[in-house]
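Accompanying notes for the structure given below.
Letters A, B, C, D and E name the chains as they come in the text, with residue numbers starting at 1 for each one.
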Amino acid sequence: MSSTPNVTSKTPTSVVSGKTKARMTAILSVIIGFYLWSSFETDSFITNFDAEFWTNTWNMVIQLFPPNWNYAQVVWPKLIETIHMAIIATTIAAILCIPLSLLAANNIVTSKFLYNIVKAFLNILRTIPDIILAVIFVGLFGIGVFPGILALIIFSLGILAKLISETIEAIDNNPLEAIRASGGNTLQVIWYAVVPQILPQFVSFTLYVFEINIRASVVLGLVGAGGIGLLLQQQINFLAYQNVFTLIVIVFVVVVIIDYISNKLREGLL
Amino acid sequence: MEMNMPPKPKRSSKKLVKRFIISISLVALYLWTFLSINDIIKWDRVFSERTITNFDRVIPKLFSPDYASFGKVMEKMVETLFIAYAGSLMAAILAVPFAFLAASNMVRNKFLNTLGKWILNAVRTFPEIMLALIFVAAIGPNAFAGVLAIGLHSIGMLGKLYSEVIESIDMHVVEAMEANGANKIQILFYGIIPQVIPEFLSYAIYRFEIDVRASTILGIIGAGGIGTLIVISVANRNWNEVGMILLVIIVVVTIIDYLSAFIRKRIV
Amino acid sequence: MIEFKDVSLVYPNGTQGLKNVNTNIKEGEFVVIVGLSGAGKSTFIRSINRLVTPTSGQLLVEDENILAYKGKSMRKLRTKVGMIFQNYNLVKRSTVMKNVISGRLGHTGTFKSIFNLYPKEDFALAYESLKRVNIEEKVYSRADQLSGGQQQRVSIARVLTQQPKIILADEPVASLDPPTSHQVMKYLKQINREDKITTIVNLHFIDMAMEYADRIIGMRAGEVVFDGPASEVTEQTFEEIYGRKIREDDIRGGKEEDEQHS
Amino acid sequence: MIEFKDVSLVYPNGTQGLKNVNTNIKEGEFVVIVGLSGAGKSTFIRSINRLVTPTSGQLLVEDENILAYKGKSMRKLRTKVGMIFQNYNLVKRSTVMKNVISGRLGHTGTFKSIFNLYPKEDFALAYESLKRVNIEEKVYSRADQLSGGQQQRVSIARVLTQQPKIILADEPVASLDPPTSHQVMKYLKQINREDKITTIVNLHFIDMAMEYADRIIGMRAGEVVFDGPASEVTEQTFEEIYGRKIREDDIRGGKEEDEQHS
Amino acid sequence: GTNNEEGANNGGNNGGGESGGETPEKIIMGFVPSQDSDEIAGTVEPLAKQLEEEIGIPVEGKVMTNYSALVEAMGSNQVQIGFLPAFGYVLAHQKHGVEVILKSERHGSDTYRAQYVVRADSGIENLEDLEGKVWAVPDLTSTSGFLFPAAQIMDKFDVKDVQTEFFSDTIQAGGHDNAVISVLEGDADVATTFDDARTTIEEDYPEVMDKTKVIGYTEDIPNDTISVTKELSDDLQKKIKEAFLSFNDNEDMIKIMNEVYSWDAIREANNDEYKVVADTYEKFKDTITLD
């Protein structure tokens, strides 16, 4: 070795600068501080995990077993209803989200005003919990599948439009420039440069939302918006946990199948 | 210049068959859906006069929130926030080991890998409401039951997202560390964690946003939060109060959205 | 054909992209712009098809001041001016044909283009262009299956399909290895000769510039510091463009070159 | 120091990465490997620190056959062999210091390294290395805030901190522009001379190879087709390496070069 | 159980342990607002406060809109006092040995009935006419909306599966109000609800009283309960019982209870009174099918 390192006062002794260190410490303290506060407010203490907690949990969990397969036959019709609801809601949301997400992408829309309006609208849409949407639509249209579908549409539209518009914002802008430079107008730019780039993500996000919709309908049924959740609520009310578990397993299998199919589709597209 | 037309594109018959099958199944799926959904939805009822009067009755009330209940609603909203925060933070940490297990570039064992993915999937499928029920039974009807339900459920989703982040890291960096003789744990701390931490944080914050919304449902079974209020005011047809709840949720969640977007931008 | 009259461009953040540029490019010329990174080469080129808009001066293309153009007239300008980019700017997931035919977008109605209803001649033209850059057998491949050099040839074919009067090329070979670079430059030169298309190319390497250019424009800090035929380039020119004495390093593989050829 | 004895490597998919390679690299040599894309240059280099494992033959480093190495002995080998990559392979979001000090991971206990408890000397060494490539003022910048050339210098500093006996560099300048390329090559050469570290570099450009190499190894389709001092490279050599007659195109900026220097 | 007030107190927040009879440090009181009432309460705070004063142990009140969690929480003795609807109580008693100590009195009665509502112009006059009609049920777990009327029809017409054998179709309306509305709107021919659910929608549907009529009632159903877990010591149970009963003499409390829970008074109760619900449930335990 030609030069032995000479330790001087200028020699750094840490991997980050002092300023960064201080900032990290501050951030960490804030996170932990908040956590302690909310632990306090919600009585979440590690001491709650005492033996009693585990026995009680265990007593509940064993009641789930074994799943009652006889109950499965009751589930089928509602499961199919759930799938139908999810298909319709996802399809409509996917169609509606196209113009919305284009308008909410800052590399497509040059008008800051329009962009902000659409973005704000989508943000508000996303803030509303699915359960409230369902409750309101049930209030408007009466109990049934229809308000459920509406709630799912609005709910998934918010998610989908956000995901897609972020995808659009992240695409390679160079081809857009190339099309623009050869005289294409906005629609042509979208069709030739944006659509091919986002198509795989569009499909995969749509399938993702489809999965979310299936899961969400488990919740919606609680307030009378159709689907499999209605059964969940009833079985919980009868304290029939084996049936509940059957239901959960069935939903799980459906979701896994959807996951599988969507992976295959994604592979085919990319 | 003589003009030649390009040759017709060759398509392999296998691909054609595949496309054909996919198209047919899609069409069939939609036919089936629309035909059967027509039986379920009673269109004449959905678009009855009653619906119109419902609109007249409900919508104006929704838009004139009952400000008197602000205090009550806000109190429950704050509780909801605390539940969501404690739950997401718990999940943000506990999801990490599962994520590494499920990431195919970290655990080369296909069996363990699939196992990890299945665990995460299964956890995600368990409805929050059922989890909350179990925890209410275990520790009583309080916010902590909600925290556990939200936390456990979130592990499923965060674990999945985390594992995708891990799968997308720059493995060249890992290779570079390997090349200078670092062992596995050193690689983890020097090569992998710095790459994933900002995304992890960002997803955790994102999950917090979702959890705020998700924890609204917990109140139904007494696990805290704003859910009880929602159900009761709807059952009492107190749409003004529903309007107030809606307003509070929109405002609070929007503020959180902005804050978290701001923080996430600074992290990455 | 293209005339810069005291053109300046200040970017919103205050960077001076162009500074009082005056120059005149004649029809059919093959001009190469050289300069250091940040000298304003891209800004110069992109002003011509208004991808950026100069903040003062006049820029005439075919005797019309294009700086006032907007909307439709701008699109019309752009159909006349083809552009080739450093990173090819192809839509990676579309086929070569779809990329090449997109050169005709400016000539085709929105509706027709969206449903791929191009006239037969356009397809023929696109195919012809692919043939001219010897890549016709890839016509239905996806763009991301091609190598860099092939992608750049496709992007040349796209420009050819556009049938432009001017071709702008912004560092078309910066991402390519030397043999491929020369191939691409040769195609550009050949098209320039055969079709009499005015061609303006940005290059990083002054040596390659001298090999192909009719005329070289040297830029530095937004200003034109040299403008003349390739044969007039001297050490002095280097100094002006790079702001210091020429060093062997400025040319890839300096001194051993001579041994090589001896 | 490094001896390939009839080394072959077949990738799992059947590609022959190396084919009966026999060569001997002596301590302190500066060897440049050239060859077309896919010739096996990377495979050659990566065999030496066992990032890939040859499937037959013997590979001796300091007279020990490293092909049998596993786990601990392999990590020990790797602490002796530093590596520089085309894309720098820095952890983008970590500071320069953290990246450079990671060169000492192989010398540091797991626990200490996790909590950044390096001895003072290590920090000093890391800082010293940064100084040697003239980038010490960036010590607390994040790696992604640096330009390509700077990143590559950091990655050299990382290797220096490792205090290796051998440095491998896999196309260290392929992503850099010519002046920066030369700068990086010069640092490598300088380190090779000052510290007597055996250095093996892959390059795409034969001209740059000749400028820096003590010795050039030409590869083609997994085989060594030339092996000798830079001065012995002839047109014949080119033919062997590139599989065809040398053309002016093979060197960036061919013929005008001579005019240039006249 | 015997009193071992000191011994069984395990010091935990929520008590616990299986030894019958203890005095926890704190009592949790769970309240499920009865779906079978016109106004649904959102708070149990005033009751809890008053009770705390009377028995001298901290009392915390919790409201939940679904009784199953309350039943389970009482099962694990995380909640000691539960305001359970009749059906919920029966389940809790069977599964966890929860005991009823009190019940509510509404409109001067400690029981209520379920009613059959049909459109006034439908020509349906009595239960016989209902055969083959469409039935709107608030919820299959509702005591008045489903269990009692179904049992009545079962016995009267000797059918096994009321939903499919007697009625032509069953709609789950999702609430007593919704059940009435679906009759009003013609989606169903008959709704079974508590007596009289129509008043809850009168404000929104002023015509409801004229356009519909009640053609029959079921037998009496006991009102909602105040129940306690078996782990509570007899002494404490007694104290709690007395405290609640004393509210009957407290004008303020009566007022609160009436306003918030539409309770007029609190009465003593024992498990036998709920046997009728248990029996009814027994009939359905295996035959309740959904859809």
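Remarks
The criterion applied here is as follows: contacts are C-beta pairs under 8 Å (C-beta built on N, C-alpha and C of every residue); 3 or more make two chains touch, one makes a residue touch a chain.
The UniProt protein names, listed by chain, are A, B = Phosphonate ABC transporter, permease protein PhnE; C, D = Phosphonate ABC transporter ATP-binding protein.
If you're wondering where the values come from, they're calculated on a predicted model, not measured in any experiment.
If you tally contacting C-beta pairs for each pair of chains, A-B comes out on top. A straight line joining the Cα centres of chain A and chain C is 45 Å long. Rounded to whole angstrom, the centroid-to-centroid distance between chain A and chain E, based on C-alpha atoms, equals 37 Å.
For the pair chain C and chain E, the distance between C-alpha centroids works out to 81 Å.
Residue positions of chain C with contacts to 2 or more other chains are absent. In chain A, the positions touching at least two other chains are 56, 59-60, 142, 223, 236. Counting partners per residue, chain B has 42, 45, 50, 133, 137-139, 142, 220, 227, 231, 237 as the residues that reach two or more other chains.
Under the contact rule defined at the top, the touching pairs of chains are A-B, A-C, A-D, A-E, B-C, B-D, B-E, C-D. Those residues of chain A that touch chain B in the complex are listed here as 31, 34-35, 37-39, 41-45, 48, 53, 56-57, 59-61, 80-81, 83-85, 87-88, 91, 123-124, 126-132, 135-136, 139-142, 144-146, 149, 215, 218-219, 222-223, 226, 232, 236, 244, 248, 251-252, 255-256, 259, 268. Chain contact summary for the complex, chain E toward chain B: residues 14, 28, 30, 33, 35, 39-42, 62-66, 68-70, 72-73, 75-76, 78-79, 175, 177, 181, 185, 187, 200-201, 203-204. Across the interface of their complex, chain C is touched by residues 37, 177-179, 181-182, 204-205, 207-208, 210-211, 230, 247, 249-258, 260-261 of chain D.
Touching chain C in their complex are the following residues of chain B: 1, 3-7, 9-10.
By the touch criterion given at the top, residues 18, 29-30, 33-34, 36-37, 40-42, 45-46, 50-51, 54-55, 58-59, 62, 78-79, 81-83, 85-86, 89-90, 121-122, 124-130, 133-135, 137-139, 142-144, 146-148, 213-214, 216-217, 220, 224, 227, 230-231, 234, 237, 239, 242, 245-246, 249-250, 253-254, 257 of chain B touch chain A in their complex.
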